[in-house]
Structures are given as C-alpha cells and as structure tokens.
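These notes concern the structure reproduced below.
Note that the chains are named A, B, C and D in the order they appear, and that numbering of residues resets to 1 at the start of each chain.
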Amino acid sequence: MGDIRRIGVLTSGGDCAGLNAVIRAVTHRAVGSYGWKVLGILDGTLGLMDRPLRYTEMDLDLFSGRDLLRAGGTVLGTVNKGDPFAFPMPDGKVVDRSLDFVDGFHRLELDGLVVIGGDGSMRILKQLCDKGSIGMVGVPKTIDNDVEATEYAVGFSTAVNVVTEALDRLQATAASHHRVMILEVMGRDAGHIAVNAGIAGGADVILVPELPYSLEGIAQRIRKVQAEGRSHALIVVAEGVKTLGGEAATVSHSGGQTRYGGIGAYLSERIAEATGTETRVTILGHVQRGGVPSMRDRLLASAFGVHAVDLIAQRRFGRMVAWQNRGVIDVPLEEVCVGPRCLEPHGPLLNAARGLGIYVGEVPPA
Amino acid sequence: MGDIRRIGVLTSGGDCAGLNAVIRAVTHRAVGSYGWKVLGILDGTLGLMDRPLRYTEMDLDLFSGRDLLRAGGTVLGTVNKGDPFAFPMPDGKVVDRSLDFVDGFHRLELDGLVVIGGDGSMRILKQLCDKGSIGMVGVPKTIDNDVEATEYAVGFSTAVNVVTEALDRLQATAASHHRVMILEVMGRDAGHIAVNAGIAGGADVILVPELPYSLEGIAQRIRKVQAEGRSHALIVVAEGVKTLGGEAATVSHSGGQTRYGGIGAYLSERIAEATGTETRVTILGHVQRGGVPSMRDRLLASAFGVHAVDLIAQRRFGRMVAWQNRGVIDVPLEEVCVGPRCLEPHGPLLNAARGLGIYVGEVPPA
Amino acid sequence: MGDIRRIGVLTSGGDCAGLNAVIRAVTHRAVGSYGWKVLGILDGTLGLMDRPLRYTEMDLDLFSGRDLLRAGGTVLGTVNKGDPFAFPMPDGKVVDRSLDFVDGFHRLELDGLVVIGGDGSMRILKQLCDKGSIGMVGVPKTIDNDVEATEYAVGFSTAVNVVTEALDRLQATAASHHRVMILEVMGRDAGHIAVNAGIAGGADVILVPELPYSLEGIAQRIRKVQAEGRSHALIVVAEGVKTLGGEAATVSHSGGQTRYGGIGAYLSERIAEATGTETRVTILGHVQRGGVPSMRDRLLASAFGVHAVDLIAQRRFGRMVAWQNRGVIDVPLEEVCVGPRCLEPHGPLLNAARGLGIYVGEVPPA
Amino acid sequence: MGDIRRIGVLTSGGDCAGLNAVIRAVTHRAVGSYGWKVLGILDGTLGLMDRPLRYTEMDLDLFSGRDLLRAGGTVLGTVNKGDPFAFPMPDGKVVDRSLDFVDGFHRLELDGLVVIGGDGSMRILKQLCDKGSIGMVGVPKTIDNDVEATEYAVGFSTAVNVVTEALDRLQATAASHHRVMILEVMGRDAGHIAVNAGIAGGADVILVPELPYSLEGIAQRIRKVQAEGRSHALIVVAEGVKTLGGEAATVSHSGGQTRYGGIGAYLSERIAEATGTETRVTILGHVQRGGVPSMRDRLLASAFGVHAVDLIAQRRFGRMVAWQNRGVIDVPLEEVCVGPRCLEPHGPLLNAARGLGIYVGEVPPA
C-alpha cells in the first residue's frame, strides 16, 4: 500500500453556502500540509462517470483569484440526480453506472476522494465504499440539516439566516397592514429550518413535517395574539407539511404552465377563512441556498475540510466528518445511513418554542 | 388665520421601509422645533373617516421606546384601499366619503396634515386640497419609485437592496447547477426596481413593463453568455411584464386555492423550451417591502419629514416634498399628478444596461 | 414554601446582543405560561441595592411596542462595576453591599431572580446564593464566550459575525494596497473571538492570549503567503495578547489625553520592521457588542430564557442554564465558577487553523 | 487619426468599494460592444512609469473566475503616492516622472486611458492631458465624496453604509450603559460621510471640518437629550475636525510606537469633563473602505464605466464622467479641478440635521 499522493474532491446534490470553503480547506490541507495533488471533480459524480473524465487541478494559487472562503455555491458544479447506482438516462431509463464511477476513480489514480454531500449522498458513498477498493470520506452539507450524527451540516446556518432575515422583513409589513404573513420555507422531511428560523424570527406559528396540526390550533394562537393587542402574526411552514386532509400540497406543472399551489397558499386560504384576517404568502425558494456563507458555515467548512484530509492521510476511509460538542469528530458511514434526522417532538427547540407560546402543532404524548 | 398649533400625519397605501423615519422626523421638527402637537392618524385615511376618530398623540418620548428611525413599516398602520372619493364598502358598493375625511380633519382641529403616500395617494391628496379648506402636504413613498418630480421616493432604495441581495444569492446557486434563474420582482407599471437591481445584481436579461421583448432576444443573450464560457444566467422580470401574446400573467384565485402562475413561471417554461437549459423561478414578494430601512431611505425620510413640516409652518399647502440634485425641494401637486413615472426607453440606466450587454427588450427607435 | 408568583430579571456586566431576547423569553414564559408577575430590575445589581428600589414591571404588551427579540443591548440597563460584595463607592472605597441586595430582593417580594451575566457575574451569583434565602438562576452571556460548561454564551455569535465582516472588508483594502492589515479584537483572557473570526474571515495569523508567539513565526507566514503570489495578509490579534517582552500593551490615559497604543499598534510596527511590508491597524472596539442579535444569539436567548424560568418553577436554584450538544441543559453554579474558559492549545479550532496554514503562535507540546 | 483599438484602465489613490465594478463595466463595454483590447495597468500610475511596464490584459472570461461586480477594492492594485509630477523616490527626493508616464502610454500603444481616481487624481489627470498627446477620461471615486461636479463618487455610498451600521450597533451599547459614544469617521477636508451617516444613524451631534463647534453646544445637546428621558447619546466626528484650540488632533508615531490620540479621543475627554457622563470612543478606520460594494456603488460604477468608454469612442478626452439628476453626464476636467467639494453650511443635509435637533456646530450667518 503506497503513499497518498493524489486525491479528489467533489460536491454532490443540491448546492448550498460553504461548499467552496470546504474545497478550499481540503486543498489547503492536502497541498499545503501534505504536498499532495488535488483534483476537483466537475459536476458531482458526473465528472468521474463521463468519458472523457471531467476535472480540474486545484492549487493554492486558485485562491488569490477566486475567494473560495466567501463565494457561495460550488466552483466544481453539482447535480441533483447523479446516483451512480440508479442513474437516470436521457431516454428515461435508470441504469447502474457505479462501475464507471469506480473506473473513473482508478483512471485518475486517486488515492482518496472527499465527497461533500447530504443525507442521500452519504448513503451512496457507503454503497460505493462497500463495493470496495476505493477510499472515500464524506463531508456533510445540506440546508435541511437532516444528516445524522452531526450537530450541523455545512449550509444550514446560512439558510436559517436567510429565512430569519425574511421574517424580520415580513414582520414590518405584517404589522403595518394588520396581516397574517405566511412564509413557506424548505424542508421536505425535516423542519429544522422552520423551527430554528421561526424562533429566531419571532414566528407565532411554526409548522413542520414531523408534527400534525389543526386549523383550530393555528386560529387559537392568532386570536390570542390579537387579544393581547397585536394585530398581526407570522407563520412559518416547511414545504413538506401536508394539507389537513393529509395530502401533499405540491407545485403542479400542467398545461404548459407551472402553477404554485404549495402548502403556503393552501394555509393562506384556510387561515383567512378561519380567522377573518387578511393573509399573504411568501415562498422563499432558492435564495435559501444562500450566497456568501455565514461565519458558522465557514468555520464548519474549514474544520471539516482539514479533518477529511487528515482521515485520508490516516487511510481511515468509509467515514464522515461531523461536528459534536464544540469540535470535529468522525463517524463510520453506517451510523449516518439510517435515514434523515428529523425533529424530536419534545426536543429542545420545539420545547423552547412551546415555552414562548408558539403553536408548533398538536402536542404528542411525552 | 391663526397660528399653526396642531398637525396630523398619516401613511397611505402599501407599506415600505422608511415610513416610520418620516413620522419621526415630522414629530421631531413639529414638536422639537416649533412646539406644536402632532397627532398620528391610524390606518391611513380610515383614522379620519371612522367615527370615533382614530389617532394617537406623537411625542419625542415615543422614540426612546420605539426606534422609529430603524424600524420598518409604519407604527400608524396603513390600508391599500382607502380612497375617500371611491371607498369600497363591505357590501361591495363604492361611495364618496371625502366629506367624512374633511370633517375628521376639522374635528381634530388640525392646522395641517402630512400625507405620506405614493402616486395614487398624491392624486387623492390633490383632490382633497381642491375641495378646499384643509391644508395638506405630501411626502412621496413607494418601492416602485414611480412618483413624478422626485428622483427618489422613500422605500425604493431598500427594495432595490433586497432584490440585489437576492440576485447575489441566486447567482451562486445558478452557477453551481448551470441554471437560468428567473427572479420576479415588484413593478406593475414601471420597471425601476428591475433595472436598478438587475444592473447592480449582474443580471443578463432585464424585462420591464415599458419595453416589448422577444423570446429570441432572451435566448440569444443566454447563448452568447454560454459561448463566453459561463454556464448560468440571471433574469430579472417585473411582475407587470406581459406574456408574448400581450396578456397579463396574473396570479389566479380559483377553486378555493391560490395558484401562482405569474410572468416568472411563464417565462421559465418558455425559456427552458427555447434554450434547452434548466430554469428555476423565484418570486420575492413581500420581503421587498423591507424591514430596517437603508441608509438612503433614512436620509430621504429625515430630510422629507423636516421639509414637510416647514412647508406647513409657511402655510405652503398643496405641495409635495421631493429630492432633486442633492437636496430637498417642493413642487405643486399638479406637477406630480400626471400618472406614474415610467422608464424612458433611452434613459441612462437602460442605456448603461445595454452597454453592459444586458438584454433589456427590443430597442425602440431613439 | 408558597407558590412562585413574582420573579425578577436583571442584566449584569458588559452589554451584548441578545440580552433583550432573553428578557423577552423570560417574560413570555413567566407571564404567558405560568401567569406570574415579572419585575425588570434596572441597571444590573444597582436596581436592587439602591433605595428607592429601581425596577419596572414587564408584560407581554411591552413587545408590541419594543421589538425585544431584535433590539440589541438591554432595555433594563447594566453596569460594569456592580459587585455587591466589593462595590466601588464614589469616594473610592470598596464596600460590601450584599445585604442591600438581599434586602432589595425581599422588599420586592421576589420568589426568584434570573441573572443574565458573564463569568464574573456567575461567581457573584454563587456567593449570593450561598448567603442563602434568595433563589436565583443564571443565564450566561458574554461576547468572549469564556463561561464554563456552555458551548455558547449569548452575544458571542453576534460579536464573531461583526469581526468576520470586518475581516471581509479589510481583505479587500489589504489586497488593493498590498498591505498587512492587523485587526485588534476583544478578548482579555481568552481568544475565542479571535480564533473563530480569524478562521471564518480568512486570517493568515491569529494571536490569542493563551499561546506565546514569535515575530519570526509571524514573518515566516507572511513571507510564505507572498511566495505563493499573494501580496497581502490579514492578522487578527486579541486585545489581551502581550508584547514580545511579556508586557501588557495597554491603552494609556495620561496628560489629559487618551492614547491608544494597544497590541495592534505594537505589532503593526514590529511586523513592518520585520517584513518591510506596509502595515495598518484597526481596533474594532465597541461595535463588537453588536446591534441586532444574530440568528444563533436569538435562538440561544430564547431557549435559555424559557429554561431559566422553568428552573425557578421547579425551585431548582443556584444553577446556570447552558447549551450542550444541540440542547439546553442546566448545571450547578459550582461547575461554572472555576475561572474563565480558555482555548485549549490543541482544541479543534486551533488545530483546524494550523491545518489551514494559519500561524496561531508557537506549537506547545501535545 | 486612426481608429480606437486598445485602451488602458487604472485605479489611483486610496481604494474603495466599486473599483472592480468600474473595471468590469469598462471591459464589458470596450471588449463586448466595441471589440477593443483592454489593458489593466497595475498599481495605479506605477504600472506605466515602471520599466518593464506592468499590466495585464482584461477579457470577459475574467469575470467567470472573479466576481468583479461584487468584489471590493481593485484587482489592478493602487498606490496612494503616485503623482507623476511629484513622485517620492525611496531616497526621499521628489521628482517629475510624468514623461515616463506619457512614454509608457505610447509604448503600450494605447488609444485612450480610463483613470479611476479621486479629487487629487483628477487634478493630475488634467495636468497630464495638458501635456498633450495622450487621451484620457476620468471616473470619480472616493469614500469622501468630495469630487466636484458629481452628486456621487464611487465608494461613498458603501462607506456611509458601513458607518451607519456602526452607529446602529453603538446605539445599542450606548443605551445599555447610559453612555455617550463618539465615533470618529473618515473625512479630512469634507464632512460628507459624517453628516450622511450621522443623520441616517441617529446621531445627536455631528462635527465636520467645515463648521466650528463649541463644547457648550455639544453639552447643551446632550443635556437636552437627557432631559427628554434618554440616558445616552451618539456623536459622529470627522477625522479632520480640529481641537477647540484649532489644532490638528493627529495620530502620532513616536518612540517606536504608534499612538492614537485623534479628535475622537480628544472629544471623549472634553465631553466627559463637561457633562459628567461616561464616554467611549470608536475609530472605524479602514473598514470604511468597504468590501462588497453597495447597490448604489455598483450602479454608479456600471454606468460610469460604460460612459467613460463611450467618451473614448468619441475621442472626447480630458473629461470626467459624473452623476447628476438621475443620469450619467460628463464634464470637462477644468470644472472638477477647483479643490475638494465641501459641505455648504446651509446645504440640505445640514439643514435637515438642524431640523431634527442635531447639533452640527455653530450656525453661521445664512
């Protein structure tokens, strides 16, 4: 088993703030401390599956030209649908291209690969590691913060900042017009963004996919706020929240025209009916992926990137770096691949929200 | 004609950032310099038309409690549909309640009234002044910046900041995913927000209500950008832009569900078809009304509020304060009430945009 | 032992962002959930030691007027020198006024008191608790983040954001003029602000009170950066860092004129001599105490405030709330009162910094 | 007289936010619209005076790598002391190197040169133009905004934003501790930053170099604020303000140690003595040069860059672009070179400040 000489780094899945800061830290550590070569694989897994292979050599000079610490997104590019084991072809078929990926790894003569990805990417990473012979480590990133085993994933803090800032703005206009403002935020399976930003932004109601809710619960909270002398209210709802009938309130693409009728729009009408108050809905969308990463995302990204490279130096593959109790640690991928991490019904933030009088859905038995 | 002793201030129409800063400046000048009483009229024109009258006395103490310079929106409240000459009653009828307004003015024994409002409010203000016997001055505010005779209205600068910031964020995610991102912004009649933020935020295409556009023009610009080696593009479109067929691309409320199918969604599909590039649309909505006002909006608001009170002190009624060439001036309301101020096809910003290679619609003959 | 009916809340020591958000959460929980009365004690311990007693009743209405979630500092006021056991009198004498404090507590018929303070305040809190008969709980706040037993104290995150933002700005001007920019930040005993912001802001050198440094170490790093083709560098230094001779580089007040000659100015000259590079120094000062609290500080403040009131409800006095591993817990004050928490020489952030090539002082034996 | 084929662009004097955005606009217009070559001259006038000549070719590709619209400072570098007519040599002598500059211009076969600079640079530009045979146009930039004939220079708006934000932060800590906070800002000859940020940031006292002041005037204002029930106050002072004795309150470099004893520190002591109130001083320094340019600076920079290139295309040399009344115009350099533009004692902003009760120095006869 020879020395490490050459590693790759790729970003996988939806983009977020701080990806470039991870790439920078990986390069600094690998090139600056260990003297290795670093290849940046382009467009997620595609760069290794496509032929010719697509990659770029990373060096420290890059950073004088591009400010990777502060630039949002990823200079390497990324794709949402790049699972090598279930790759969607243009003709609609889904094929297994994992051998292409492994072959690409070997053709580039990589001794290790840093994969920056979310919950799904970590599962794929584990499968690829299980196929053997290629050494990889994971760095968790996702605005949803639903990766197991780490307190924070890269990109989450910036996303919550963006949503909190939106609530600060909506609060002003809601108060001026005596309205109920509904803000629909990201979060298909988990309500981390909604509950963090909802508390920080002063929401009166926070709805998350993990907890059922009732229209009466919402209306009661609004009436209480009005009784206390405040004529407006703020509601944050995660996109993954279902209608009262338990259906998905999705965006439809039909008749050649995209129609947005998500959960925000649904609730806007229900709440207007139930309370007689004027409502308005805002869907933040892609701005939540952020631009300039927050201080915390830059810190996480920097510490993660260094530690990921150190794992490769020690040939400790099949692991993911994680943040726990003030520091970086690493965990085996098995611990991570147990599904998205959701809010616990009686976790600290939901309890804090309830303590502030915020309606967060029906209280499940403790 | 006795001395001025008591004035009112009200905010009218859609809220924006900086309204409170005007109210603060009016109070500081009237109470602090002249020793008058200031009554804050609640909820726009309603406070004077409702019986009992609704108002609150403003004083300097208020400011130690509430930070009106920095707080977004209006502590006095405002309504969108409060035209005394054409007031929509709950039963659907539209009635003339202008006498109620004038009567309210007299009952409060006001010697003058500062009305902070947009293009429409200034027209109503002029009509009310023409009815005689009540002395009023106007302060222009609108995120659309379409009030005549003033370079800037309160609220515009903050709105453009919010949109520019959104473009900074969308740029990062567009680049990471090689997408065309479409941002739909406010502006029913005028494209000031779109063109200001579009240039400042690095848009490749800016569509405004004032200029026709072609799908080919947009596609050509995107292809040129791609030919130069950039895989993503940013498009800003004002909500008032029509479809290629010349129809309004409005939001529909039908079947108990709000459906958003505005111009952004429309273009998203057309452009994806025409260029084969992945597109995404974001609708900023109410966050454009801002929270904490920008430095410029606070400056404008402060200078406007002081000057409006000075006009009342000089009994120079029927005028609007305005910003021209580095300073505050005032103009007769007649000069203002000539319809919304739109972009000139060959104005300085549209020309600058063209000079940067941005597609801003078909070029009209100079 | 009767029911809890009436509690107090006070802020102690240097102000920071998020204090008002704690006060808001305490009031929401105590008034809204438990139906208690809440008295806000004015100006730290003074409000209870002065006669007449100085306090204000807090209620939920307050929040419609003042936006305590978002407002920086403390509406209750605070003082730096208010230790009841060693109170500095105007005549220069230091006296024990702790009996006044205890007496004030009883006169107000308080059943509990929430003290929001730093490392020093927690020690005083413990002493007061030991005197018996008054029930108190602590909430940690300090921009220095040097309170034991909690991952974060209220105010720290905002302070680090401010410093990071300053580094982002200094980076631009440093690069334009090929300069070494030195930023002196707060931190008398502990370098938490310096190392967090230094990594997040892309510093090349970070000097903290906990680690010795050499001029040669700094110069070497600057020369390496220059060799890599970058003509500028950023240095962050905590105010508590000593000169190379081991002396404090303090601000002097002499001859009727304040002279600032702190560690930043000292290093500026030493580094200019050692490297022949142009240097400039910036001292951030009080802006680090922040205005609008960061998202994280609002979250912490909200969760801490709720939990502190719950402790009182359970009569679990003599404890401090703390943040550990994603949630709020509480610890006995004894665990906290073991001196300021400093950086560990081989802690995760210092290690990450070293991994990025940042000079953080001489490496102590592991 | 042949066609324009090749132009240069350089940045001169102190850096600020928006310089890169001008460079980007110049390149876009010259390369994209006219098909010219653009050479970026390095380090201000040095790049043309040094041998070998120092420059880099600018192209549109550059922008995919570096985000020049949003990046602060100048990628071309700049120097403060680069006057070709009075160039300071390392040996201390001052020599005329203007022939080197003209020679450099010809060696590079430039058909025109865009100089981005402040008040001083425009004067040098005029002298160089007068020497004949080289065609140049100026773009005004300076955080001080003291260039004649233009409402705004690039960099000013960002600087005022930074100062306003600092005041927002200082307000919170001043209120918490009942202090008078003094903020020293840039402005040697002109108080534009101080008065703009002072009004926008809610200052109670604004001192500028253009107006005399008295300690009694300041103290009176502070006492009035206190009488109204507010226990804190904010003071903004431009660095160029003199002591009461009329002397400069400069920073001294003596005994091997830089000592900061500027006007902020001076006033801090005087005001503490005069009012018995606790005072604190903050010196913002280089952060005022900004990082990411404000929306307005990006707009200005974009419009200026395009127009400057258009002037060259029309061979209208010896002119400076300027912003007046909503648009870009151009003026002959003679109109600009009449000294720094200072505040008029009865200009609109100083009047607005007085109207708000702010003390801005002794009122001169109108």
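By definition in this document, a contact is a pair of C-beta atoms (placed from the backbone, for glycine too) under 8 Å apart; a residue touches a chain by one contact, two chains touch by 3 or more.
Just so we're clear, the structure is a prediction, and the values are computed from it rather than from any experiment.
Of all chains, the one whose Cα centroid sits at the greatest distance from that of subunit B is C. Of the pairs listed in B-C, B-D or A-D, the one whose interface repeats that of A-C, with over half of its contact pairs matching by residue number, is B-D. Annotation: 30 Å between the Cα-based centres of subunit B and subunit D.
With centres set at the average Cα position, the gap from subunit A to subunit B is 35 Å. The set of subunit C residues that touch two or more partner chains comprises 67, 71, 168, 171, 292. Here subunit B touches subunit C in the complex through residues 65-67, 71, 292, going by the rule given at the top.
Those residues of subunit C that touch subunit D in the shared complex are 11, 15, 17, 19, 43, 71-75, 77-80, 162, 165-166, 168-173, 175-178, 181, 231, 256-261, 265-266, 268-269, 280-287, 289-292. Remark: subunit C residues 25, 28-29, 32-33, 60-61, 63-64, 67, 69-70, 151, 157, 160-161, 164, 168, 171, 196-197, 199-202, 228-230, 294-296, 298-299, 302-303, 306-307, 309-310, 324-328, 347-349, 351-352, 355-357 touch subunit A in the complex.
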